[in-house]
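Paired with chain B in one complex and with chain C in the other, chain A is shared by the two complexes that follow.
And now, the complex of A and B:
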C-alpha cells in the first residue's frame, strides 16, 4: 500500500552560526517559543544570533521545549547548562521547565520584529498557529497597543494545515495556488482559511491603525497569498527581512533574556 | 501603552482598554467592580518594568460582553463603577 502523503507537513530545521565562538562569549541567553503548532528555540551569544531550531509542537509542551532547545544546540558543543538565562514564551510558555521566566508572546514578537526589521517598524502582525495579533510598538520594540483575535481560528496556521490536507496540496504551495482564483470568492462565513485570514486581519488593524512600516511575523508570513492580499487591502507593502518570520517570538524572548542578564539577573 | 482586553464578534466590539501609562497602581478599581473582572498584575506587555497595573482577568477576556452586562442597562446607564473608581481615568469601555 502506498504511504499516505502528509500534505500539511512543513519543513522542520535547525541552524547554527559557523563563525561565532560561543566559548568566548560572556552572555549566553536563550528564548523558547512553544506555540500551538510550532516551537522554536533560539540562542544568543553576546546579543548575536548563534543557533536556532524550528520544530513542530508535540502533544506535550515540556517535551516540545526540550526538543526545540536540543535541536538548536545540535552539533554546537553547547549544552543546556551553558545557557545563563532562558525566557519562555508562546502558548505553552508556562510549561518550559528550564525557563527562568515566562514572558507573553506579544512583548516578544514586538521585540523580535524590532531586531529583524529595524527600529522604524511600528505595526507588527503576528499570524500564528491558532490566533492573530496586531501589535503597535515604539522604536525600541516596546508594545504600545495591541489586539488579539483568538476567538476565530479561520485562516490560522492550523487552519491552513487542515486545508492543505483537504485539498491534497502541499502546504507550501497553498499561497501561490490562491492566485489562480482571479476574483475574490464570495464570503463563505469564516470557513475559507486563505481568504478569511486577510479579512480578519484588516478588521483588527482597523482598530489599531497601521503606520507606514509594518512587518509580519509567525508562520503565515510565509504564505504569499495571504501577504499579497493583506498588502493590497492595506495599500502598503510589508517590510521584508532576511530572517525566518517564524523565529520572531523566540528571538524576542532571547533578547529579553539577554537584557535581563545585562541587568544582573 | 493601551492594553485592549476583549473581542469583536458578529454582535459588536467589546473591549475594555486600560492605559497603563495613566494607571497609577492604586488598585481602587479592583473592589469597585461587582463582577471582579479586574486585578492588579505586573505589566505583562512591558516585561522590563516592575510597575503593577490594572488588567482584565484572563478568564473574563472572552466573555466580558456578558460579565459587564449588569452594569450596562439599556436605559438609565450611569458612570460605570470601574471608571468612576479610577481617578486618573485610565479605564475605557468600547461599548
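And now, the complex of A and C:
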C-alpha cells in the first residue's frame, strides 16, 4: 500500500548564524511564539538574530515551547540557562514555562515587522493559523490600533491545511497553482475557507484602513495566491523582506526581551 | 461590607423570595431602567429588574427572534425557566422594540396578577414629552392603586422619591472614590453594587452603601490599578469580563451603561408637583441611545465622565444586535478618540469568549501603556 501523503505538512526547520560567536555576546534574549498551529523560538545576541526554529505546535503549549527553543539551540552549544530574558507570545503565551514575561502577539508582530521591513511600515497584517490581525504601528513598531477577526477562523492557516489535504495538493504549491486557471473561480460561500480569505481580510483592513507602508506576517504570507489577490483588492503592494514571515512574532518577542535586558531587567 | 453586593447578586432570587415572606409585600418585575420605581416603592412594593444569567439557554427560540439582543433572550429565558415565579407583576417602560416584544412574550407565557406597559416617549427632548409622560406616570399610579385596592398618597410618593434619591446619592458618593489614583474598589465590585440596587430593597441597599462609605477611606486594594478604564454599553453585567480585565493590568474606574451609572445618575427633584418630578427625572436622566435624539446629549456626558474619572481608555461593550447602541457606537468611538480617549470595541453575547477577549484587552492596554517596552 502506498504511503499516505500529508499534503498539509509544511517544512519545519531551524537555523543558526555561523558568524555570530554567542559566547562573546553581552545580551542574550529570546522570544517564543506559541501559536495555534505553529511555534517559533528566536534568540538574539546583542540585538542580532542568532538562531531560530519554526515547528508545528503540539498538543500542549509548554512542550511546544520547549521543543521550539531546543530546536533553535540545536548545534549551537548554547543552553537555555545562557538566555538572560525570555518573552512568551502567541496563543500559548502564558504557558511558556521558562518565559520571564508574556506580551501579546499583536505587539510582537508589529515590533517584528518593524525589524524585518523597516521603520516606515505603518500597517501590518498578521495572517496566522487560526486568526488574523490588522495592526497600525508607529516608526518604532509600537501598536497604535488593531483589529482582529472575531468569531470565524475560516480561511486562516489551519483552513489552508485542510484544503491542501482535500485537494491533494502540497500546501506550498497551492498559492501558485491557484493562478493556473483561465479565470478566477466563482467565490465559494462567504463562510468557506480558501477564497473567502482575501475577501474577508480586505474587509478587515477596510475597517481599520491601510496606511503605507504595508507588510504581511504569519504563515499565510507565504502563499502567493492569497498575497497577490490581497494586494490587488487593496491596490497596494506589500513590502517584501528577506526574513521568513512566520518568525515575526517570535522576533518581536525577542526584541522586547532585548529591550527589557538593556533597561536592566 | 463591599462583598455583600456580590452575595446579593448571586442570591438575588432567594433574596426576593425572602423579602416577600418577610414583608408580605408585592414583588414587581421591571423591564428596562425607565420604569418609575418611585411609585412602586411608594406602594411598598419591591421592584426587581429582570436581568439574565449569562448561561447558554435553548428556551426562547420559539418566542422571540434569534436576532433580538442577547439581553432580551437571556432575560426571557429566566422567566421561561421559572426563576421569576415569585413576581406578582411586571412593568415595562417603553425603550426599544426588542425588549417590548420580549415583555409581550413574557406576558403571554408567564401570566401575573398585574402587568402594565408604560408607553414612554422616545423623543424625550421635545417639550410635549413632559406633559405627556407626566400623564402616563399618573395613569400608572392609578392602575397600581386599583391593583392594591388603596390610594398611593402624596406622603407615600414623597417617601418613594426620598428612598430612591437617597440610594442614587449614595451610589454617586461611592463612585466618587473611584476618582482616586488608587480606587478602593474594583470595577467588578462597583458593578455588583450598582446592579444590585436594581433589585434589592432600596433602604436595605442604602444602609449597606452607608456602611461601605465609612469603610472606603481606609480600604486599600492589594493591587496596582494599572490603566484606568471606562466601560460604555447597555445592560452589561458580565462579571467574568470585568474580572478578566482587572486581572491583566486595568481597572474599570467609571461606566456609562444601564447596568451602572445611567440607572442612578440623577435624582427626582421635588418642586411642588410630585408626579412631574418623577416623570421628568426619567426624561432628563443620562439617556439610552434609543432616547437620545434629535440632539446627541449622550456623547458629551460620556466624555465628561471619562475626563472626571481620568479614564485612559474606553471599552465599548456592544450588546450584539442592539441597534440603538450599534447606531451610536461608530460615532461615539470616533468622538472619544478625537478627544484623546482610545477605545476598544467588543461585541457581547450572553456568554462571552474570555480568551479571545483577553488578547484584545491586553493588546489594548499595551497600546496605552507600552512605553517601557521601547
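To be clear about the criterion, the second predicted complex is superposed on the first by the 254 of 265 C-alpha atoms of A that agree within 3 Å, B and C clash if a C-alpha of one lies under 4 Å from a C-alpha of the other, contacts with A are read in each partner's own complex, and residues count from 1 in each chain.
One rule holds for everything that comes next: a contact is a pair of C-beta atoms (placed from the backbone, for glycine too) under 8 Å apart; a residue touches a chain by one contact, two chains touch by 3 or more.
Everything quoted here is computed from the prediction, not taken from an experiment.
Considered on the superposed chain A, chain B and chain C are sterically incompatible, since they clash.
Look at A:99: by the touch rule set out above, it reaches neither chain B nor chain C. After overlaying the two complexes on the shared chain, residue contacts for A:259 are found with chain B and with chain C alike. When the shared chain is aligned, chain B and chain C each come close enough to touch A:144. Residue contacts after overlaying the shared chain place A:107 against chain B and chain C alike. Of the two partner chains, chain B is the only one touched by A:207; chain C is not.
Touched by chain B in one complex and by chain C in the other are residues 103-104, 106-107, 142-146, 150, 256, 259-260, 263 of chain A.
By the touch criterion stated above, chain A contacts chain B in their complex at residues 101, 103-104, 106-107, 142-147, 149-151, 203, 207, 256, 259-260, 263. Residues of chain A that touch chain C in their complex: 103-107, 111, 140-146, 148, 150, 256, 259-260, 263.
Residues 1-4, 7-9, 13, 15, 44-48, 62 of chain B are the ones that touch chain A when the two sit in their complex.
Listed in rising order, the residues of chain C touching chain A in the complex are 342, 347, 356, 359-360, 362-363, 366-367, 370, 372-374.
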